[in-house]
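I'd like to ask some things about the structure below.
In order of appearance the chains are A, B, C and D, and numbering begins at 1 in each one.
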Amino acid sequence: MKKLPKLLLVIVLVGAMVVLGLSSSTLAADPKVIKIGYTAPFTGAGAEYGTNGWRGIQLALEEVNKKGITIKGEPYKIEIIRYDSICTPTEAVANVRKLAMEDKVVAILGDHCSSCCMAIAPLCDEFKIPAVTIECAADSVTKPGHEFYFRMRPSMGLMAPLGIPRIVKIFNPKTAGFININDDYGHSFRDSFKAELAKHGVETVVEEDFERGTTDFTVYLTKIKRVKPDVAFYVGAISEGALIVKQAREIGVTDQTALFGAEEMAEMELLSLAGAEAIEGTYALALWGSVDPAFAKRVMDRFNAPMHYAIIFGYDALHVVAKAIESAQSLDPVKIKDALKKTDYQGLEGHVKFESFEGYKNQGRFVPSIVKWVSGQRTVVE
Amino acid sequence: MFVASRIAIAVSIIILIFIPQFASNYVIYVVILAMLFAILTASYDLLTGYTGPLSFCHAAFYGLGAYTSALLTLRTGMSFWQAFPITGIWVFLFAAAVGYPALKIRGHYFAVTTFFFGHFVYLFLLNSRKLTNGPLGLRGIRPPDSILGIDFSSITASYYLVLFFGVLIVGFLHLLVKSRIGRSLVSIRENEDLAESIGINTSFYKVLAFSISAGLAGLAGSLFAHFFRFLHPTDFAWMISEMIVIMALVGGLGTLFGPIIGAGVVKFFLELVRPAPELRFILLSIMLILVLLFEPKGLVGIIRRIRGEK
Amino acid sequence: MTEEGFKKVLEVRQLRKHFGGVAALSDVDLDVFESEILGIIGPNGAGKTTLFNIIAGFFPPTSGTVMCRGEELTGLRADQIARKGIGRTFQASTLFSQFTVFDNVFNAFHMHYKQPPWKALLHTSAVREEERTMKQKAMELLDFTGLASQKDKLAENLSSGYQKILTISIALATNPKILLLDEPVTTLSPQMVETVMGLVTKVRDTGTTVLIIEHNMKAIMDYCDRIVVLAYGEKIAEGLPREIGENREVVEAYLGVMG
Amino acid sequence: MDTLLLQIGNGLIIGSIYALVALGINVIWSIADVPDFSQGAIFVVSAYISYFAVTLAKIPYVLALVLGMCVGSFMAFIFERFLYRRWRGAGRVQLLCAIALFFLWTNVVNALWTAKAKMFPAYLKGSMFGFSYMRIAVVVVAAILFVLVYLFIMKTKIGKAIRAASQESEAAQVLGININTVNSVVFMLGGALSGAAGVLVSPLYAIFPTMGDLPLLKALVVVILGGFGTVGGVLICGLGLGVLETLGAGYLSSAYQHGYAFVILIIVLTFLPKGLFGKV
């Protein structure tokens, strides 16, 4: 039986390692540091969102930490702990539980994908830690909403009533069409815009779903070309949008149908991906009108990347949380939550205030703008 | 069963029982997922480890179980305690219906076909908006109704529920594998023609193993649905099937407790690497290749070599 | 030993088998009598193994029937035919190579369990009792075939001769009434041939009918009661070893010197 | 042009990509008996390397195509020489290794060059009948490669050895054919074809780490439909799948565009276990 002890030792060791290894939080929290968590997709299909969001947060972090936050006379610095959610609910929930329980953060930024936001929102109430989402679009994230979960950008349901009247004014369409990514973002965009269009007497005649990873859209665009709607909304990530608009131009869809892109298609990156000629004369819904060139230059110098709304949201989100901590003058998450409710901050994207209205809770409200690409320039349409 | 392994199992169960008492909420959550994956890898081992056919659609049955149980409770007002067994039986029958024609295909053809079947189930869950609410995810799933005064909305109660069913399922698998039915399955894995020549109805047993393995994955799905209370198709995509295969292989196919150890080790490894997002899947696939290169029988193979067995 | 005195155990009528245009078997008729050793010889590609695979149910014939004591076997699955008392071995010595010798044979008792599967699952005392008797039977069979001393060896570590004996033991474990042996002694040393053929005779003496496909003419001539000769899918001769020895047609079919 | 013709044209273009990758996998599968998932990784890596060659080193597109094929065959050679060869005969281990390689390289590319989609600069302008010259070029180059492979297998000495080995590898060894060289050549051929497919498809769409997933899966279906048949069989099945899929998405439901391959696979496998042109 001499083998027994050796085996027993191995099992006990593995068991101990499993437990200790997991709760490997830093033992003595550094008194001068405020820990804020950030959960976002850095790998998988949604990796673009996470990368851009992180860039915005880093820029804001430098500004905040330069002068530090003084709480009851003590200067503090912010430290961000980021984990990958791969746009998968179980991973996002694991991130939030680790941030809350292990890293003991006072506030959380993220997630980007609506499926993850919907999974982590109830947890924030459970752990009583405030969280600000970067770009989740689905209505159900803040409707009925959660006490500890905040969203700055307007949800799909809010964008439609603000955007559609002006779209109807521009195109005066009778019929409309949709070609959208087959995920929570794509479907919530289509559902709310289709409903709002119907209120204005515009009939939706064609709806095309494509799966993430699809690169050839000629199949769907040919159907849209046959039906010839007056305006066609194309919804997805910016790389998908660039492909759609190029292939639409190639097949001649744009001869009878005006192309109207979702939020990502108002980004400068569309110009670099698709080229000025392909996007000439197309419109897009934009989450930011114009942003001061100095910030755009800072982003280009630092990351050699064009402006993207996720950068802006990440930047604003961190500043909003920093302001809330400063006004709360405490590291108690509940006090920070109360301070967040009273946020009144002029951000890059617009005036940030979290209100509860029309069944929404802790939801920001601002009017999205409409952009038109004219000879390679992103012009804001009033 | 060697005395040493039996003690090792008893010690592990004791450790698992005491974890919620002193571990943080995050550790409990991770161990619950690890246990669910242990049920998945153990049930996967019944098919690929013991009976032979290599399949890549185990996450599809996990997903079908989760959505079936969630929809039964949401749409028909059934309680978890009724939906749980019904889900297991439904996924078992569904797998038998799909498995019968599929298992006529042999070797690599079968592996690649299951790869596609898994993706097709993912597409179905994603695209049937009316049934599964598609990409918007299924919310508001109620935790199991409280029995014996235990309120299952707390994570510790869910932990013990998953542990209880986990031990039951693994116990059932252990009895099955040690019985003559298990020996027949292994005969099929070793040599299908010879097994047929000694009177084993190989197609029946293969479909049986495929269906039991799927039904148990469906039960794991049901447990997950009522613990996590929010379902989205991405949790059941082919990447998860891939993960189950790696866990089972790293643990050691055909040993039942190998894949369970594999689930724990790989899940622990993924949590350790959580701060380095980009590296997770690179290191995972390198781990698989190393196992294939140096010890195809996985951790159990290594343990056996240490204990100087065959 | 004339045919009339004994009961027919196996009747093959008009058996044909085509593999995409190639006629592996055409119109083969065959009668097999109780507890005789019937040798089946013929050049490579004569259809011998195809005949065995059809009788054992591994693939269906293009046409024709196989009857066993009045019951039709054609169309049944291999495991159903095994249950009807027809055991077989394969051309290459097919074993559970990763099992021990004992497990190889013990596993082959699959058919004889009376306890229902769900009881087996619960490992009830009756089930455990049944398993003990099966283990005993396996040991008796190993003694019978002379492998008892090597029962804990891995099948793949056995010598080629003993591997052949193990394949026969596996087939015997299904306690068949008819045993189909596909080249049991082809690659063996003369002494090993004697041991294996001695075992075959011992099996026949217990009342089991044995059909042997073999190229080793000496073994066929010494041990078979009757011989059937197949060539190019047709039966060209049948009879006692003496008659087959002098048959000119058989010699031509073989194009070589016999034995 | 009538919509139906447009859709069939789209289908042929996608189908020729499937066929190219499928031809490589088909040759490998029939000789080394492993569905080589790692060809998907080669598809992606070759596309990225030729993208950098064109954008950074400014070399012309045709050279980038050749470079892509060289990279592809080199990677395939390394995989076979140091990994697959170890487990010749153990089919399962080879399959698991192939999938691990595919999984590994997709994530290595994601880690090295981030997930942001990159646009391959167009090398041809203008279009005809609603198809840009670049898309037509895909079908033309694919056809040329198919003919070259056909000649290579039918007319050259190594080609004959490959055909012999695909019948019965033991018999081939008896005839003095060195299985190792045949395997190396077959993998390098497969790698070159997958590399070419990667570089051909990039200018039409964008390159991103998971760009190899769908073409690989479709190519596997084509190989099974073709049932290790002739070079022509793979071409017909590849184009056929592309057209059927496009028509399915065009006229039935578009959400299941990538599901039709599975439906076709199941139908064929239940009725024709040997595949349409199978000789297995």
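By our rule, contacts are C-beta pairs under 8 Å (C-beta built on N, C-alpha and C of every residue); 3 or more make two chains touch, one makes a residue touch a chain.
The structure presented is a predicted model; accordingly, all values stated were derived computationally and were not measured.
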Which chains does chain A share as contact partners with chain B? D
Sort the other chains by how far their Cα centres are from that of chain B and give me the top one. C
Would you mind checking which chain's mean C-alpha position lies nearest the centre of all protein C-alpha atoms? B
Quick check: how many Å separate the C-alpha centres of chain C and chain D? 47
In whole angstrom, the CA-centroid distance of chain A from chain D equals 36
Length of the line joining the C-alpha centres of chain B and chain C, rounded to whole Å: 42
Chain centre separation in whole Å, for chain C relative to chain A (CA means): 71
Multi-chain contacts in chain C, i.e. residues touching at least two other chains, fall at none
Could you check chain D for residues that touch two or more other chains and list them? 107, 110, 253, 255, 258
Where in chain B do residues touch two or more of the other chains? 123, 126-127, 278, 280-281
Among line, ring, star, complete and other, the chain contact graph is other
Listed by label, touching pairs are A-B, A-D, B-C, B-D
Sites on chain D touched by chain A in the complex: 3, 6-7, 10, 13-14, 107, 110, 114-117, 119, 127, 130-132, 201, 204-206, 208, 210-211, 213-214, 246, 249-250, 253-255, 257-258
In the complex, chain B touches chain A at residues 3-5, 7-8, 11-12, 15, 19, 23-27, 29-31, 33, 123, 126-127, 129, 134-137, 139, 228-230, 232, 234-235, 264-265, 268, 271-272, 274-275, 277-278, 280-281, 303, 306-308
Interface with chain B, chain A side, in the complex: residues 1, 3-4, 6-8, 10-12, 14-15, 17-19, 21-23, 42-43, 81-84, 86-90, 93-95, 97-98, 100-102, 114-115, 118-119, 122, 127, 138, 140, 182-184, 186-188, 209, 211
Of all residues in chain B, those that touch chain C in their complex: 172, 175-176, 178-181, 183-184, 186-187, 190-191, 193-194, 196-202, 310
Touching chain B in the complex, chain D uses residues 29, 33-35, 83, 86-87, 91-93, 95-97, 99-101, 103-104, 107-108, 110-111, 217, 220-221, 224, 253, 255-256, 258-259, 261-263, 265-266, 269-270, 273
